[in-house]
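This report refers to the structure that appears directly beneath it.
Lettered A, B, C and D in written order, each chain numbered from 1.
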């Protein structure tokens, strides 16, 4: 059983607390902090939390709590983490870790120097679908991963501070790009270095200073490409989808809008449909168990389980730091209009990696093109493609090794 | 924290134990029983259970356990439940409660006479989608429920005893119809009496004595209709879908085959895909977290939570008894080829109910047809339909009160 | 090029004419009839038709037209068809052919005695999806077909006469069950005799005399089962889906509500969305090309192509007669509450058929259960099931030939 | 009736000819050309074409044909179009128009100087779904379009010449990017100037010189953004999807892999499933009528209808030229790693356009943010967001006009 201090009483604090107290959970939030004493008190009452405070230090130093969960706005992460590290407390910090890589690095160093357990609360890597998909990828179901698209778009965040770049550190990219980038890394390989990033972003709709729509690309050292799409301008609910392509397969994940629950109502419900839903009548697409579908349940199970077992959790402060470094490069690219290097002062992954492309693969590889190549090799041909035609015949397309000419045969 | 004796080490015992021990659960299986000492020992080892036995009585009487979970074959439910009741132990019994209503009624009376807590482990009523859909229905999103279809089909069950009617009590109907019937009751109203049942069933494919495919209809006292489709002949995985129609709306639930996770693999995984999956290559449709998607997590949370709170759980032995009575009627109908009455010696729901149909509804009802009726009433017309035409005009169809003639107007 | 007389100016006449004149079509409606001279004139103007009339005989006898298309209400089919046959004209009649089998048989005999070309305009058998699915079934992709469900539900028909049983011959069954029954026959085999039918029907919502919701089952001579669901009470648009199960596979067709076109609009369009759509805002599911998706294009291509080539079209008056006979049995069953025989005075299909069940199949059949059976036969075992377990092992379930006992092995 | 000379006997020639001859079509291919006399002869026989030749000039000059359809490899478009223009023949050219904008411009000028009818055979803009979606967009269902993503990926093209950049002009971008770019233009507005393009591309899998995977962004003069994803490395069939976001709505189109036709087969079919399908067993997703779903039917109807009516078709050589100019910029960007200007020597659209963003919109616009703004204006606040919370309350987020501070209220 873990005893937890919760910092923050916004939507994220509520989702976290519900998850920790959920169903037959053994863990318990014992203290809650908010800048506003009223909100702290109300939140404690709503969730059966014994203690509450508007003093950040008191909350962190509560001698009856083992873990500090940081769920305050982005600009307050650093102070909370540093205080927790100083206090020798385990600390779990919501996403993004910092507003910049520099801030994240400072937090990473603080927890490592203090030797405290630290976890990065990147929930979307922990959705049950993502976890199972990652297993399949690790088992080779997709061959080598070539491309990972992660998309999170909705009509805009819940709390005022998100819309203010001074507090949040940016716009849609810092808010949701952090999820997408880490999902991309997870599929492509967290030990593969993100080398360069390119990003388009604009303020298309809302009367704000930050970008409300952005599209980014991240080049990895092995030739794979990550893609993210984030927007606060999307209409129709919350669109949360990932697509992954590999040499041997494809994965499509839809976490929210099309998950096998479809409802038409002419009457409406007079109630809550789902996070960021825009309608109460017509065709609706509810989610059965939101905190579960969004990964909160498996995330805290991993975090607190890792703490108990004295192992490293799946998502660490180091991951948070890498994500911030990619975001920094994206913001630079938005201005420069070109690929920008991802600057990682600390790199803990692989230095040398094999390219994903078939041309560099050994003939014993699992890639179909390569396998086929060897069978045609005797004839001085490299097989490019094999295909069934509408008339039932099979077409083979080869490159002649000697001449480089592309030829086809129908068999 | 609940301490549990698990009876049975088959697939259901495994799913139950995984669920109870899952993630950050506070509950604990402390003793496991199997007829086979080897299986009991192996299961205890695999799941970290301190005690195991092949003596049913010893398992139930274990003084350190509070709850007995019955996960043995259908023909062994009665003995286990009676022993548990006699021992004054809380008892949770897997579906179907009995092989017949008579057997179920005996179990119901045993736990009620003993005054022990008893729960009916009907997991599919507890899937997160079903729970949320039921909330919507109770909130009026569908108006009055007219029809509920529940379908469970797959290529056949896991354990040998299912295929033997002497042990299981039947075929696909007793195995899966019990889920479908209770899902139908839940949507239509558990206090609405199921009046008559009709059923077609046949042994279409497998070399067995029982039906491997059946379709049933259940008439309810309020004019609503339940429909179930169960099969051990389905190809393509496990098809687990519900559809509900009401005067104001529609709900479609897909629990398994199309839930937002799609994977193509030419390589295969060499592993487990999902319950009853038939393929390891090509397009696959995995489920992120099966025990959650199938309702086990919310079912045990309700059961153990109800026990702690001394309240009645959502699914009781009485529900199990009603379901068995409907199944009995279905088996009679399969033979007689006609509607058969659902014989309920004990009925605890409503005796008098309003019909779902608009014609009996008061003009103040929420039904659109009825609302529209009143607006046209002045003209001696009853509105039947209002519709937008492809050319943009609106068509109104009325019945003339005086003549009964149906007329239309385009406006 | 075919020159056509169109009888009827309702929605069906409009869809037919649009289809015949559609895109680069070579055919031409040259005369249009409506009871109302105004409607005939307006329709002719809208569709560029040279002649119009409110005299049925004149329309049919038009010497410049080769084909009469009957698109008038059900109670007017018989007269129109008989006149066309008498005039020696080719005649295409919309569904249902008659209001009863007796009426249909009279029409069938009239066209056969007159020796004119006659086609039954059952469009839903001609949707591009159905045609391709039927090809797959004929090629063996599903093995032997065990079950075919066809569902058509929406909030009710367009024209007043549909709602009046005296004119239409019934309610939702005669309106849409005719589609579903013929789709079922097409998948199960049009030469397999429909033996018995069972039907539930009720007037659940609308202030009418006929059934507005019905569910039917049709037993075929080979042991296969057809299922239909028809309703005028459905909310959410037009639900038009078929599901087919065979020993080797499954087909799911969605013709209308989920076809890969999804739109959310907060603004609305101020226009037509799709047939029977209920909303203009929120999530909408339009269909790109409705007359194509509903089978009209391929239906007329088959009909007119067959006429040109002097071959029999896919859907004949005989098919319409069989469908009417099944509907008659359904209406009898609704009253009697039991299976009713399908009375076919004329049967032109097979008399003796093999049962779909594996037990009657020869060991050389394609059925997996049967194939596996032979491999285990040496050991005196009949294989019932083979399955991959979550722990990666494989379970085999056998029946011992000698004892009939069901046993399992894990390998 | 149009009489057509078909140049080319590959897959595209076959699809075009099938479309032109399809169902009850009035048009006729009267002459077919292939470099190979054998292929020309075989094609003529297969499709009932009276004349065939391996002489390009003879084919074009055929005095009995009115229209020349150019379906030869990309490097042969220019010669064919110039000859047709010279001969005063109407000419329809497959996509892409040229290998470069320079080549396309030469062709554009040739047909305009000759005054012949010319159409650009960009089929995917003509899919029935796209046509209906464009109608909805033009009717305002999406408000102002902010983003259009078009994706076409599959395991690689059919004919050898596609894989050879010397013949095709590039790789996946020239092959499929041309579709995606024109789809993006169509949704964003063909009169809105594409200003800059950015592109990533790589040869990830195949042993070829050209890119087999690319992602591109196109900035439009009004602030909207187009996005394309093209790949010859995709596994699982042909992925052909478009997504469009606007201030008031969203459109998702799936043209191929998920269109409401799902089939599981353990037996296989021994036949053709769909273009670029990779499997014959397991879950398959056939398309009912491919030439229709891919837009060929509506494309030729528009082209030949426009020719008959002496109007301009929807897709012109000018459109083909603009697409080539965007592709040129993409190839430059792939090398430079930055945004590259789209160089349009000839621009026929708008010069001055309003930005899509709300901040520039007048308060009378349809944008919700803007509408809400005015209601709060009295209080010196700009409304940023309005949202329903899980607890049922509503949250409003404002910017204070005077201070720029972001504040929230819960009501």
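Heads up, the rule we're going with is that a residue touches a chain if its C-beta (ideal position, glycine included) is under 8 Å from a C-beta of that chain, and two chains touch if they have at least 3 such contacts.
Quick caveat: nothing in here was measured; it's all calculated off a predicted structure.
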**Prompt:** Interface overlap for chain B and chain C, more than half of numbers shared or less than half: same or different?
**Reply:** same
**Complete:** Contact-pair count is greater, between C-D and A-D, for A-D
**Message:** Rounded to a whole Å, what is the gap between the Cα centroids of chain C and chain D?
**Reply:** 36
**Complete:** Per the C-alpha means, the centres of chain A and chain D lie apart by a whole-Å value of 32
**Prompt:** Touching two or more other chains, which residues of chain B qualify?
**Reply:** 235-236, 248-250, 264-266, 271
**Complete:** Residue positions on chain C within touch of chain A in the complex are 235-237, 264-266, 278-279, 281-285
**Message:** So in the complex, the part of chain D that touches chain C is made up of which residues?
**Reply:** 1, 23-27, 127-133, 136, 139-143, 248-255, 258-271, 286-289, 292, 297-298, 300-301, 304-305, 366, 368
**Item:** chain D - residues contacting chain A, complex
**Value:** 11, 14, 142, 146-147, 149, 153, 155-161, 163-164, 198, 200, 202-208, 213, 215, 217, 219, 223, 225, 227, 229, 231, 233-236, 239, 245-250, 271-273, 275-277, 336-339, 356-359, 367, 369, 373, 382, 384-385, 387-392, 395, 397-399, 405-408
